[in-house]
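Next up: some structures, all given as structure tokens.
Across the two complexes that follow, subunit A remains constant while its partner is subunit B and subsequently subunit C.
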Partner chain A sequence: MFRKTLSFVRMGAQNLLAYKFEISLFTIISFLSLSIYYFLWHTIYSYSNTTLVSGFTFSQLMGYYILTNFAGAYFWSDMDSRISDRIRDGKLIVDLARPATLLKTFVATEIGQTLFVLAVQTAPIIIMGVLLFNLRAGSLLSLVLSIISFSIAILLSMIFVFFVGLSSFWLTRYHGVRYARSALTWILCGGVFPLAFLPQFWQKILIILPFQHFVYTPIQIFLGGYTSITALELIGLQIMWLVIFYGLVKLAWPRAMAKFSAAGG
Partner chain B sequence: MMGKLARIWIGATRLELSDELSYRFNFILKTITHTLTSAIIPLITLLVYTVSSGIPGWSLEEFLLLNGSFMFIGGLGSTLFQSMTWRTIDKIWHGRYDMDLIRPVRPLVLATLNTFNPDGLAYIFVGASIMAVSLVKMHWVFNAISTLSFVLLVGLALLFFYSIDIITIALSFLFVKTFALANAVEEIINIGKYPLSIYGSTGMVLFTFLFPVGLAGFYPAQALLGKLSFLMIGKLALVAFAFFGFSLLLWSVWMKKYSSAGG
Partner chain C sequence: MAPVIEVKDLKKSFKTYHRGAGLLEAFKSLVARKHKLVYALKGVSLKVEKGEILGLIGPNGAGKSTLIKILCGVLYPDSGSAKILGFNPWEDRIKYVQNIGVVFGPQKSQLNWDLPAVDTFFFIKELYEVPSKEFGKRLAYFSKLLNVEDLSKRPVRNLSLGERMKCDLIAALLHNPKLVFLDEPTVGVDLISKERIHEFIHKVNKEEGTTFIVTTHDMSDIEKLCKRIVVINKGLAVYDGPLATLKSKFKEKHLEIKLTEKGKPFSFKGCKVLEQKDIILRIEVNTNLQNIEAVMHHILSNYKVLDITITDPEIEEVIKKIYRK
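Presenting the complex of A and B:
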């Protein structure tokens, strides 16, 4: 069974091999985006004559943005669009005939793609972070805990995307949901700015929601922003959300299948 | 001739709107999301000015005006012509561009007329609202010269955006699948979201005279604030028109490379 799943992971990575030009261009885009943040925040830190902004030094803030780039490799998934496209062109029936569940095949393929992107597209940016901004884990324990947290975040993000993607069984056109899912979630998970910048009231609201566990939690654990106990509690919360979304997928799946006609359209 | 072009534009726009409105839930959700996500830019500005002293030479209200101008102009570009990039690259990629070449209208004109995109309307609305609020907060007094300068610079910014789109499409005649390049262009435009002074004197010259991305928000905001001389506006007009000419040249040269094979 594991070998079957692994073959989907391999297939996901191989699919991306055909897009070498795009992937290298995305690395350049990431450099460009980081450069804009660099100039902006360098000016702000210099002008404010301070070393700390909302608890972040300039290097830590740049480290944060570099790691959001890393998180982007798994966050910007188009798995839900693929589900929608395959429903529309009637090809989903082929996926359903495979000897593994749709969730497993799609998530495994997505993991393969993510690993490829992390290795090829994100690695140069991380190296740049290490060399230019002294990007380091808060401690060895932070590093270990952040690896665990990032691994759960990858799965959590994917299962969330799959869950939202199931709505395409009910919708004729899915683009709006996809755009809302990706754009709003990216803001709520700390992809645009560290959530520590927000007033306490909003931080308390966001901690109830699952989104910050996709990106903000693992990054902050890596940077040493939490004590070990808090980090472990947050990892526990990530696992809880993973179980909740898995349960929701299981709950929605039979209803989606009842809706599916395989006719396309 | 103009009447014919207007008829094509009206027909294409009507078709696009009826297509969007036939999926009402999708349209409403997209519009709400565009409105919410565009509101994130001023939110970031507010956060930046709350946790720090902000950007030298720019008060919170002035910076918000820059945000608003950037969004307003971006929204106009997006609504009026920017989707021509994605649509044309998609046609070239699938080898369907020949259909456009055999029509009795120049291909570039046809691509421009067929690209009304209602997604940008939310940005126009939010951008204009932010500009209005920041001008009121600054106790801005109406000034015909500043307002006219602003309108002129919006026109130049749109010309610059249009030129970039032409270059991106022209590149797809060479490399076929250039969607990632279109993404890169969007990121490059973000340079103009902030005051050019943050990029230092070299950046200021580069993003004014060589690649005038400062037109995307910085210079129009300065015009409205009355900080831009006529001489500077003249220089910016020259640069924008030169850039447009360059893009047309690339289009005509690279279009000859179109092979119709797709990719």
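Presenting the complex of A and C:
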């Protein structure tokens, strides 16, 4: 059982090995976008003559952005586009002829890619954060809790992407959905700025949505932004969303397959 | 022993959406999409015993690939039933496919495009939980049979169609499936590779008792591999039986003659002129009415011949004739 899953994970990592150039390109782009955030916020902090914005010091905020970069490694998934491509070029039947659910096939492959990206592409950025911006976990406990929270976030974000990707069974062109999915949710996740910067009203709305649990929750747990009780509650919510999206996938899958079968594969 | 495959009255239609050409039609289709049903299978029944190599032949669009997809469990039929290796393919898909091997044709390779084929082989080893020792033995043996020992270490995108097909065949057989589906395994494959593939299928069939279902256009595949064939046309199985019986019904041979100079119009008993243009002469001989030696003799004594080739009629023409009967 586990061996099967691992076989997809390994294949995913191998896939990426074939794209060494792109990986190094992404590392460079990450450095660039981080330096844009650096200059932008540097200006804001010095002009407004403060050391704290919504409770973040400048270097804490930089630490936050470095962690969003880490989260981006799993969040910026192209799994849904791959599903849509497989449907369009008729190769989904090859995936279906393998002894695994499509969910497992795609999510496990994606996890393999992600672990590879985290190891190769994101590691240098994390090291930079530790050296330059004093990036540290809030405490040992917050480190442990954030590892749990990040692991769930990775799975949650992938099941979410798979679920959205299932819509490509109905759509002839999926790329618009994908674009909306990544751009919109990245903001709601806290990828562009910490959600604490938002007015209370918006924060209250976001708390009932799943998105912050993809990125914001594990980062804040890591940085020690919550008490352990709150952190555990948030992890509980993450698990709840995991179960909900898993249920949604299970619900949607037979319909997707029926649609696929009627269209002829 | 129960048959490996028992399929009854499979029917399958596809929904296709149509629209006329032009911008206005495109807008109309946004509001109301008209769909039309294409009937790909109109009631196919089939029984296959263990260890058979069954040839599925038929013209383009006959429904062969659709049948294969349903038998592999990746498409649902509209109606009909199937029991394959004790499973219902589309209801028990995940358990069922563990026991089969498939090649869905040259466009739908299961090899990872950017990686060497061996990487896919190792992936399959893990996915199907093949014991290491058995895996090593099978891979070495198959690679030798198909002569791909070096090829499988190059990225798949750098392989020729035939080389890729050979690797795909290996991938489909590594986990020792009891039943293997091959959809057009020899399209675009050169003669030598084709022979290797035939030999490979024969060996595996003999040594492991593997049942094969092979679709093809190529008469040589059928002649080399299959004792029994099923002819599919327009979604129906129009013939099911030994190849020999089918062939004995068709006594036509084709002659293609190249002349050194233009000759007089051809006419001879039992012969039909398919084409006569300048120095090219193509005729069909009905061997029930006329023997081929007599025709050759007639030609050689009346024309200045550069070259003569004798061929069986194309499989499509044979099938068209079955269908007309």
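To be clear about the criterion, the second predicted complex is superposed on the first by the 261 of 265 C-alpha atoms of A that agree within 3 Å, B and C clash if a C-alpha of one lies under 4 Å from a C-alpha of the other, contacts with A are read in each partner's own complex, and residues count from 1 in each chain.
In this section, a contact is a pair of C-beta atoms (placed from the backbone, for glycine too) under 8 Å apart; a residue touches a chain by one contact, two chains touch by 3 or more.
Owing to the predicted nature of the structure, the values given are computational and were not obtained by experimental measurement.
Q: Clash or fit: subunit B and subunit C on subunit A?
A: Here subunit B and subunit C can both sit on subunit A without a clash.
Q: Under the stated touch criterion, which partner chain does A:T50 make contact with: subunit B (first), subunit C (second), both, or neither?
A: So A:T50 only meets subunit B here.
Q: Check the residue A:P99 against both partner chains and state whether it touches subunit B (first), subunit C (second), both, or neither.
A: A:P99 contacts subunit C only, not subunit B.
Q: Determine, for the superposed model, which of the two partners subunit B and subunit C contacts more residues of subunit A.
A: B
Q: Could you look at A:I29 and tell me whether it touches subunit B, subunit C, both or neither (first, second, both, neither)?
A: A:I29 contacts subunit B only, not subunit C.
Q: Could you say whether A:T230 touches subunit B, subunit C, both of them, or neither, answering first, second, both or neither?
A: Once the two structures are laid over each other on A, A:T230 reaches no partner at all.
Q: Report for A:Y179: first if it touches subunit B alone, second if subunit C alone, otherwise both or neither.
A: So A:Y179 only meets subunit B here.
Q: With the two structures laid over each other on chain A, which partner does A:S7 touch: subunit B (first), subunit C (second), both, or neither?
A: Touch partner of A:S7: subunit C, not subunit B.
Q: Give me the angle at the C-alpha centre of subunit A between the C-alpha centres of subunit B and subunit C, rounded to the nearest 10 degrees.
A: Apex at subunit A; the opening toward subunit B and subunit C is 90 degrees.
Q: Considering only C-alpha atoms, give the closest distance between subunit B and subunit C in the superposition, rounded to the nearest Å.
A: Value for subunit B versus subunit C, nearest C-alpha atoms: 6 Å.
Q: Considering the complex alone, what residue numbers of subunit C touch subunit A?
A: The contact residues of subunit C facing subunit A are 14-16, 40, 66, 69, 72-76, 93-95, 97-98, 100, 102, 104, 107-110, 112, 114-115, 119, 123, 125-129, 155.
Q: Tell me, which parts of subunit A touch subunit C in their complex?
A: Of all residues in subunit A, those touching subunit C are 3-4, 6-8, 10-11, 14-15, 18-19, 90-91, 93-94, 96-101, 257-258, 260-265.
Q: Please output the residues of subunit A touching subunit B within their complex, sorted ascending.
A: 21-22, 25-26, 28-29, 32-33, 36, 39-40, 42-45, 47-50, 53-54, 171-177, 179-180, 183-184, 187, 192-193, 197-198
Q: In their shared complex, at which residues does subunit B touch subunit A?
A: 23, 25-30, 32-34, 36-37, 40, 44, 47-48, 51-56, 175, 177, 179-181, 183-184, 187-188, 190-191, 193-194, 197-200, 203
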